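Have a look at this one before I ask anything.
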Amino acid sequence: MFAEWLFIAFALLAVLGAIGLILFRHPMNGAMSLVVTMISLAGLYALLSARLIFVLQLIVYAGAIMSLILFIIMFLNIQNSDLPEEKGRNLYLLGGIVLLIPVASLLIKVVKTLPGSEATIVGSGFGGVKEVGLVLFQDWLLPFEIVSLLLLVSLVGAVVLAGKRRSGK
Amino acid sequence: MFEYALSFMIFLPILGGLALLFAPVGRGAARGIGMGIALVVLAMGVELFIGFAATGEMQHVEHRPWSTALGISYSLGVDGISLLVLMAGAVLFPLVYSVFTTREKGFYANLLLVQGAMIGAICATDLVLFYIFWEVMLLPVFFMIGIYGGEQRLPATLKITIYTIAGSLLMLAALIYVGVTHHDQFGFWSFAIADLSALELRGGFTAIAFFMFMVAFAIKIPLFPFHTWLPDAYTEAPTSTTFVLSAIMAKIGVYGVIRFVIPVFDLEFARWAMLLSLAGVAGMIYCGLAAIAQQDIKRLLAFSSASHMGIIAVGVFCMNVQALTGSLFQIAAHATSTGVLFLFVGLMEERAQTRRIEDFGGIAYQAPIFATFFAIAMLASVGLPGTSGFIGEFLIILGAVKFSMPIAILTGTTLVIGVCYMLWMFQRVFFEQAGERSARFEDLKPTEALAFLPVILLIIGMGIFPQAFISKIEPAAQQQVAQFQSSGQSKAAATAQATPSRLNHQN
Amino acid sequence: METTAAYISLIPLFPLAGALLTGLLHMFTCRSRKLPESLYATLGCIGPLLSLFFALVVFVHLKGMPAEERFLSHIPFTWFAVGDLQVDMGFLADPLSSLMLLFVTFIGSLIHIYSIGYMAGDDNFGKFFSYLNLFLGAMLILVLGNGPVVMFVGWEGVGLCSYLLISFYSKDRDNVLAGNKAFIVNRIGDLGFVLGVSLLFWAIGAGGFDYLSLQANASGLAPAVGIAVCLLLFLGACGKSAQIPLYVWLPDAMAGPTPVSALIHAATMVTAGVYMVARFSFLYVQFPIAGSVVAWVGILTALLAAIFGLFQRDIKKILAYSTVSQLGYMFAGVGVAAYSAGIFHVFTHAFFKALLFLGAGAVIYAMHHQQDIWKMGGLKKKMPKTYWTMLVGALALAGCPPLSGFFSKDEILFSALAKGHTGIWIVGVVVAGLTAYYTFRMIFVVFHGQPRDQHAYDQAQDAPAVMTVPLIILAVGAFFVGFLNLPGIFGGHLQVSHWLAPSLTESHPHVGIGVELLAIFAGVAAFAIGIYIAYRKFNEGAPEPEYQGFARFGYHKFYVDEVYNAVFVQPYKAFGGVISRIFEPKVVDLPVRLSARLYRWGGNAFKALQVGYVRVYAIYMVIGLSLMSLFLSQSIN
Amino acid sequence: MIQDYLILSIILFCLGILGVVSRRNVFTVFMSIELMLNAANLAFLAFSRLHESMDGHVLAMMVMAVAAAEAALALAVVILLHKHKSKLDTNVFSLLRG
Amino acid sequence: MHDFLTLLPLLIVVAGAIVLMLLSAFDKTPLERAAFVSMGFFAAAFLLQLLTGCGPETLVFERIFNGMLVVNNFTMIAALIIFACGFFTAMSSHSYFQVNRVGILEFYALIMFAACGMILLTMAGEMITAFIALEIMSLAIYVLVGFDRNRLTATEAILKYMLLGAFAGGFFAMGTALIYGAAGTTSFAALSTAIAGGTISSPLLLGGAFLIFVALLFKIAAFPFHAWVMDVYEGAAVPVTGFMATALKAAVFTLFANILVIHGELHQGWVEFLFYLAVFTMFGGNLIAIGQNNLKRMLAASGIVHTGYLLIGLVAISAESFTGAVIGYYLAAYAAGTLGIFAALSYLGGEGEKRTNFDDFRGLARVRPYSAAAITIFLLSMAGIPPTAGFMGKFYIITSAINAGQIALAVLAVVSSIFSMWYYLRLIIAMYFHQAEESFTTAGSPWAGAGTLALAISVFAIGLYPIII
């Protein structure tokens, strides 16, 4: 019962945050509202008894990534003058919504076909660090390995694109 | 004749041409090399012709599996049907080199390439192999027209190329369909014409595939109404290219119909023969009428060539021994007469720097030898008895009478129409008073006269002793017609109780 | 026997060889230097004389054989053989062809000799002889060919030569146009011939395609096919022998040198049609309807041409129309299945018409290429040889007994009457009168009365011997050959007809003496009346008349040429222009050009869609996404 | 129950798409994409709750890692853009077109 | 041991990437040497791949990677293609960077990273692995597109490509989520058994596959997800363009095929969808290409058309007896032709790619006949004129289509290739049928030329010896 209320609250927050992200003109405000979404998503993860991900969501997303974004935004200290004046925005919003209706309806139709089973009680270990870690390092070794490659690439890429380049080239 | 004669005849010119493309030689040397190769091929062709046994079988057969997965094989052969076309491709080329001496190296290279490709297309007995050569032989033409052509060459080039390739690509789809059907029916992949002729094609797509083939060949021949690329291309192309196009390449279109379409699509062919022959006749009359209005000799000859091709096509569509033999014979005859006429026009252009009819006049007095040669070729092309042109046209008309009287009558009108524009042109160009361009028109030099003499003699010889040729092609024609009729009947019977499974299998 | 048979195939070769020789000589030398005419003359005349000799040999040999198996055939080689079609390059000498052979070679040789004088001094002397030889060879092939296809070789060959010779003076456009006209009109006829031959092959040709085999199988011919064949063949004959509706080329053909007109357009080539019909007599007797068509076309042509002949002022045109008219007679003859009569008229006509032409040629030669009879007059005193010989020819033509023309024409008219074609007979008699009239109109105007052009008159004189001797020979011939076929009523017994009998299938009607007398009387009467009127009007130098009304209409040949020009020639050319200028680009080529344009247009449209805004690209993606979702959401229950 | 989570994630996903197509600000667009990835994560977790297997958790982690990597690169690009033209308007960058 | 051998090429490339990365960290090595190093690594990988040979049997790394890597004939063909592409790209960039001096050492490292991602992508036997591999590849290529920071167009290209690519990545993630939801697993093998056993919620599977396909279709620039490709190709440096035009397409198509053949049922469900997609892609691509004046844009558009043909190949594959031969062959043929053209462009393009329009190449044949001939060969191969590889590829594609009963599709493919003649011939005409207006002098090393020659030869070699089939 209580869980339902929590879910509704978090869901509302998340959606509101998302809408804010889309509507706020200044990226700073958008970022803040996205943070709200992230945090409420973390709450939802908790409701889904995914403890580790709950933590990661807070640390990695709401923490690292979003702060990075905010940092960059500030770093470029964007004035309102730099912002594009998006006149026909509402028009685009409207059109986008119209376009998205079929997509959303399709996806919702798809998930509606699931058996609407009530959330069963899962074992206490579910979603814990240890358990997830075991799964990760036993079954999901390869993705874990190549993710390192991915990060390496992004590192090099960041250097190439934004890093300070030596003279002579 | 040694074992790989055909491959040799195909690849000697091709390799020679490639070598010329990359070797740093002057135009004189290039011409010499081209001449040499052409003469070698000529000699081989003549020897092949002499040694050719007058039976219906394939001869000088070569067979190498190529893509085993799809049953594509490198298989060559010559029989009576391809013999004269092959001769046309092998014999006439030295003329080009001997007459036009002022071309660049690349031009001669392209000539060699096109000759090899055409011989390949003529000798191929595997449908895919034929298609490959068929496409390849267009490229040198494309370059020859585009690089060495007249002022308006670009649109002409683009038109002939796109037009022709469009046709051939449609044919590609159709021939793959045929091969797949063969795989369905017999369980193994093969594009060899011998296997494909055993097919029983049915279902909705068969007619479409048939027309895809026909359109490809109709564009090459060209059959009405797919001829619109021809006048521009023939006019803008350098004369020797026009010669190649009209004398040989167009014939390969007809040959393709005989060799590939008729055996594979016999039912469809029988069903549409009347329509097709009407198209042929329409083209003959249409182009003949258009020819009378031309101011440019080359253009006039282009239309007349198209007109004659219509007749040849009709002979094929009538599908009886006389007409078919007539067409096969006429292929060679027309190659000699019209080809030579185009070369003559090239000479006139070189000498008088013009192609407009009214710029000429009185050449008969300036250049009697030239006039005589021209007249002989012209009379052959209007089908005067005693020249090569008559036998073919007579046989075709004879066969057309058997096929359908109205078609025959319309076909016969070529006797009149051809004469009209040809005499009209001959009068303006060779008779009357000399124009200022042609006032001191130079007669054939001894070398040129000697170069043309063999062909002129050939024209007359083919008119007086045609049996030497016909006896070699006639058995194959007999066999073809017999196959066509027998299989036509048997399959017609089979279609009567066509199983629905096969029908809906088609798509 | 065998050697003699081999001679047959030699006969056409001599003139052909001569043609080749003289032609090559002329072709290679005419630019640099002019060879002596004597050389060309000898080279040119040897061939015809040799063939004449061998023709005589063959004739004698045939004469020596029993009447039934009087035929020699020789087959040098198979021309072409496809399926059932077996065409031999073979030659056949039977009574019919041997007779033709004789007079063709004979008159041919004479005219060659005559030409030596007539063409003297012409730049293209050698070319002329080459063409003339070529013609003779082709004509001999036509006559000797043992089957329709071989005949067609000669048939077209003579057509070609007539084209070449009509446009011999090719610097002048009109001559060339006349030549083109001749060739094209002939080709129209040949179309009929080829179709007829093909039809004949599919009907009965499988068992051998020469006359003898065809004759043997002729009975198996279905009526419809048979009639079609006969009419198609006759179309060919119309073209070659200038019958309605294809006669128009012959008068123009007079543009050629006069010996050509004499040889080709009077004596030999134009009669090929008659010969061909006679050749196929075994068909025409089977189908009398076809025969009567031939007869009627012939006699009407005769009438029409005679009417035109009344008003001509060009001496050669007069003769040309008389030729057409006489050809009409011949067709009337063969049409009513009196083949021997027709052929016999061919035979006699060859003599007197050649004679007349050569005489006219002499006159023209004397008057410095003046052909208008209204510029001549009183030449009788100046050139007596020409006058007397031409008089003989004119009398023969007009059918004056006992000259050759009388007998042959009488034979035809008599057969027409006897076989019940009374209409044809009446028209024939009328035409006979007209013939007499216009022939003597010409004679009187040219030779009698006072000179109309004094200057030319003073210089006029008889031609040299090389020209007059042939005239005299022909005159003798024209006078006497008639007796070769003397009917019984005159104490003869139709030698020629009997000679021809083996190779013709015809029946001789047996009618009362009265009918025969009637025919003869009518013929003579018509001749007398015609001459009388002509004498009254033109003997004493009548002035050139002003033509009014019908006469004017006739003077303009009923405007037939103009009509043909307006109905066929001009539309043809206009049509060609329309096709190549409007129809080709605007209609046939339209789909191609249109598709190309559409393609480019679409290209530009898509180019415009690439706006370069990343957001728009995202929108494209989402559009695609939502469309696909619509597409998919159907597939979920 | 689980369906509600999924529907929520779908809504967030679509909102992300909406942000991408309707905004010109580079940051906003980029964050909308992050939002889409988050929606995916939510779906992963919901499903792993449904299947009661923890693979979903791992998958979510992977997605997070990818998101982080992309973020790093994206921000670098943003800086680059800002260097060229001190604007964050995607429509400014439309030299390449047609 | 054999397992290790089959993985060795991949490991070699990874090693090469890291080595180059380290090299570029200390700035000692000259650029040329880096090029040779990467060429060497690629060559080694290629040869090793050939040596380990393509056994027909599929190799699943159950033990070590829990079946998340799969190696079979098809992936090996794809790997060979990718290695070759990397090799020739490095080769031509060697000359390219000598002409326009914007090269950096990381360039080669990134190429090798991208290659790693591609190889992983082809071998991926599981969704999230594929996703990560895809991202590795994509990130590397983003950077390659925009590495020249001073050129605004490059920056714009990376912006567009990256935003849209990440956008597509979002779809991939969501799709993976749905598939996971459908079966509780994301490995292809397990999915296959699940579908066979019917223990799967097909609507979820459909939705997931749909979103994943959207992502893949974006990567291969299928209509209507194609809009980016022209701009990005134009903005990127020529060698990069060549690389992404060929290797990327090969990798993604391999994955696409692998997903489709998870089970026949799955494939059947998408045939109609792919049919329309193929048709629109072919004709849309043609219509875009005809309007272009810039050579790179035209090639991009023609790449769209070839995507259409490859989609036909996807329609025609049969999940039961799948060898991937047809698609592999077509990819190889297409790669040879396209790489060749870009190799030629990279040394003909000149300083700062000043020659990129059709008209800039007028009269090339008069001045540089061999280069013109090579370009002509490549164009003819792309146009599918025999006896080039392109013809054979088209032949096999159409054959497979008709064999699968898709006659209409085959005919449409033929029609579209008729359309495409137009813009291929346009360049040939420009090169041959006009007089030269400039002397086309090119600085820089002959390596790009050598690469062009090698590719020109290989076009014929592939065409005349269809060994793969």
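Going in written order, the chains are labelled A, B, C, D and E, and every chain counts its residues from 1.
Operating definition for what follows: a contact is a pair of C-beta atoms (placed from the backbone, for glycine too) under 8 Å apart; a residue touches a chain by one contact, two chains touch by 3 or more.
Source: prediction; values computed, not measured.
> Could you tell me the least number of steps, going only between chains that touch, from chain A to chain B?
Contact-graph shortest path, chain A to chain B, evaluates to 2.
> Between chain A and chain C, how many steps is the shortest route if every step has to go to a touching chain?
Steps on the shortest route: 1.
> Any chains in contact with both chain A and chain E?
Of all the chains present, those in contact with both chain A and chain E are C, D.
> Please identify the chain with the largest separation between its CA centroid and the CA centroid of chain C.
A
> Using the touch rule from the top, work out which pair, C-D or B-E, shares more C-beta pairs.
More C-beta contacts join the chains of B-E.
> Indicate the whole-number Å distance between the mean C-alpha point of chain D and the mean C-alpha point of chain E.
26
> Approximately how many whole Å separate the CA-defined centres of chain C and chain E?
Their C-alpha centroids are separated by 78 Å.
> What's the distance between the Cα centroids of chain A and chain D, rounded to whole Å?
6
> Using CA atom averages as chain centres, what separation in Å is found between chain B and chain C?
Roughly 37 Å, centre to centre.
> Show the residues in chain C shared as contacts by 2 or more other chains, in ascending order.
Residue numbers touching two or more other chains: 607, 610, 612, 614-615, 618-619, 622-623, 625, 629, 632, 636-637.
> Pull out every residue in chain D that's touching 2 or more other chains.
Where chain D meets two or more other chains at a single residue, that happens at 6, 13, 16-17, 20-24, 29-30, 41, 46, 48, 50, 55-56, 58, 62, 65-66, 69-70, 73, 77, 80, 90-91, 93-98.
> Let me make sure I understand the interfaces: which chain pairs count as touching?
A-C, A-D, A-E, B-C, B-E, C-D, C-E, D-E
> Which part of chain E faces chain B closely enough to touch in the complex?
Counting only chain E, the residues touching chain B are 325, 370, 373, 380, 384-387, 391-392, 394-396, 398-399, 402-403, 405, 407-408, 410-411, 413-415, 417-418, 421-422, 425, 429, 432-433, 466, 469.
> Quick one: in the complex, what on chain A touches chain C?
Residues 92, 95-96, 99-103, 105-106, 109-110, 113 of chain A touch chain C in their complex.
> Which of the residues in chain E end up touching chain D in this complex?
It comes out as residues 128, 131-132, 135, 139, 142-143, 146, 149, 152-153, 155-160, 162-163, 166-167, 169-171, 173-174, 176-178, 180-181, 184-186, 230-232, 234-235, 291-292, 297.
> Where on chain A is chain E touching in the complex?
My answer: residues 106-107, 109-111, 113-114, 138-143, 146-147, 149-150, 152-154, 156-157, 159-161, 165-166, 169.
> Tell me, which parts of chain E touch chain A in their complex?
14, 18, 21, 27, 64-66, 68-69, 101-104, 106, 109-110, 113, 116-117, 120, 126, 128-129, 132-133, 135-136, 139-140, 142-143, 146-147, 149, 158, 178, 181, 201, 203-204, 206-207, 210
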